[in-house]
Amino acid sequence: MPEQLQQAGPAVRERIQQSFARQGLMSLLGARLTRIGPGRVHITLPARPEVRHEHGYVHAGATSTIADSAGGYAALTLFAEDSEVLTVEYKINLLAPAAGDHLEAAGIVLKSGRTLTVCQLEVHGVGEDGERKLVTHGQQTLIRVDRSAE
Amino acid sequence: MPEQLQQAGPAVRERIQQSFARQGLMSLLGARLTRIGPGRVHITLPARPEVRHEHGYVHAGATSTIADSAGGYAALTLFAEDSEVLTVEYKINLLAPAAGDHLEAAGIVLKSGRTLTVCQLEVHGVGEDGERKLVTHGQQTLIRVDRSAE
Amino acid sequence: MPEQLQQAGPAVRERIQQSFARQGLMSLLGARLTRIGPGRVHITLPARPEVRHEHGYVHAGATSTIADSAGGYAALTLFAEDSEVLTVEYKINLLAPAAGDHLEAAGIVLKSGRTLTVCQLEVHGVGEDGERKLVTHGQQTLIRVDRSAE
Amino acid sequence: MPEQLQQAGPAVRERIQQSFARQGLMSLLGARLTRIGPGRVHITLPARPEVRHEHGYVHAGATSTIADSAGGYAALTLFAEDSEVLTVEYKINLLAPAAGDHLEAAGIVLKSGRTLTVCQLEVHGVGEDGERKLVTHGQQTLIRVDRSAE
């Protein structure tokens, strides 16, 4: 898949950064927003001891948490300012142990509809030498909600 | 589904409690093991501010983390001492906002095979008055691995 | 889960029977509607040679087809006359070979919301002696659409 | 994703063609194997009236049947002659009505492990003018079984 290297507009970026900053779980895990493109958002998670499984790999729960959030923000990049998205469901396969210096989760919009959005979720483990390995792959459905209607 | 109220044997319980204690993420989230039955394990998560989404509900990532772990331990209750399980994949639907005093995740074995186990995952939000609401429902596939073969 | 043995009302039953009759694939497979309850619909598929896999079991495609349809009709039983439902997504685990005289798929509504419905999907293989075995278990998301808006 | 245009070897192709020919459901639906590449298999389904939903689109059951089979054969292209694969589970999103002259399902191996294989499933609707639209996207887990051990 060709990388979409362009960034989202400044208003979208600011809206997403502010939402991310309000999420206690992201800060508890130590996750950071590392890219906000149109229909594509990356979240990076350092492999700190607190998020590792007993065998040393990052816990599947932490992996899926950043994947789910990356997909939600990716969907949000394509909506107007007064919209929010909620995850309806997601499915992920854990393909390999989540090893490395840090994990990088990508949420990528496959289909952006009026009500529902479908995203692909990819998480790579990245070593200190920059080597990347696909550790998790998934698919997610989200629903748009009007912030004014909440 | 009739509740299976019996407990797993003491060796199984001790093995699972020790594994749980070694998981940094469970302690980081504040999750606790609250039932270890044969083919059925419960994990409880108090709705602390750190695990809440910006709207006040528990973050889907924390919800799915305890659901995934409950399923993994439920599978483990039915195996011999030298076996481990790894999550192959799971799919969850977020049915309602995860509100309440605490969440209770149940992992329930649907099929325990020689290599693969399939679990149902249920998470209820529980209010201070004890009222329960189903907030998440899912399905999970796990694979048995011999600890000696690792 | 306690069996809901009551039937849906006559208008709902007739609407669903007419919709089923218009589906060429159901007739091609030889599937029949065998129960229309509120929030619960059953579809039965005789294990004819045409729907069997090369090993003699019913093909997963036929199994999931009747499961998906059973869930769709189960969702429909809870809506007003001018509503339709479309499958958004589903996930199924094939737990055991689909053997037996016929398969019985049950779609069971877990949550019926204004826009989205979530169903559990179960398929049993039923032997000539009436013995039942759970062969497929899944979860499905559907969206309500107004027929007038199409 | 760059198209892998090479074909699988003749022994693999013959093995898969023979297996496909033994599946009554594929013949009942009118599906055809249209590509056997290493880790990638395509199945094409003409949009005949018998496989259409009452609204004129191809039934989700037929769509998912060819997607599931394409994934299974894609996994098989990477195994030795005495191996078989069984679908453990799959999840598909129906992104758009399955319209067109025919559907083309692609099964694409994401990870081929010793025991488990994970595939991406894509189905495009193809118009008479050759225009393509993504109608279904999914993810599938398969398990390798030794034919000799059956």
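We just call them A, B, C and D in the order they show up, numbering each chain from 1.
Following the convention adopted for this analysis, a residue touches a chain if its C-beta (ideal position, glycine included) is under 8 Å from a C-beta of that chain, and two chains touch if they have at least 3 such contacts.
Treat the numbers as computed from the prediction; the structure is a model and nothing was measured.
With contact taken as defined at the outset, chain C and chain D are each touched by A, B.
The most distant chain from chain B is D, comparing centres defined as mean Cα coordinates. Of the two chain pairs considered here, A-B and A-D, the higher C-beta contact count falls to A-B.
Distance from the chain B centre to the chain D centre is 34 Å, each centre being the mean of its Cα atoms. Spacing of chain A relative to chain D, judged by their CA centroids, is 29 angstrom. With centres taken as mean Cα positions, chain B sits 23 Å from chain A.
For chain D, the set of residues touching two or more other chains reads 88-89, 91, 93, 118, 139, 141.
On the side of chain C, the complex with chain D involves touching residues 19, 22-25, 27-29, 49-54, 59-62, 64-66, 68-69, 86-94. Note for the complex: chain C touches chain B at residues 1, 91, 93, 95-96, 110-111, 118, 120, 134, 137-139, 141. By the touch criterion stated above, chain B contacts chain D in their complex at residues 88-89, 91, 115-116, 118, 139, 141, 143.
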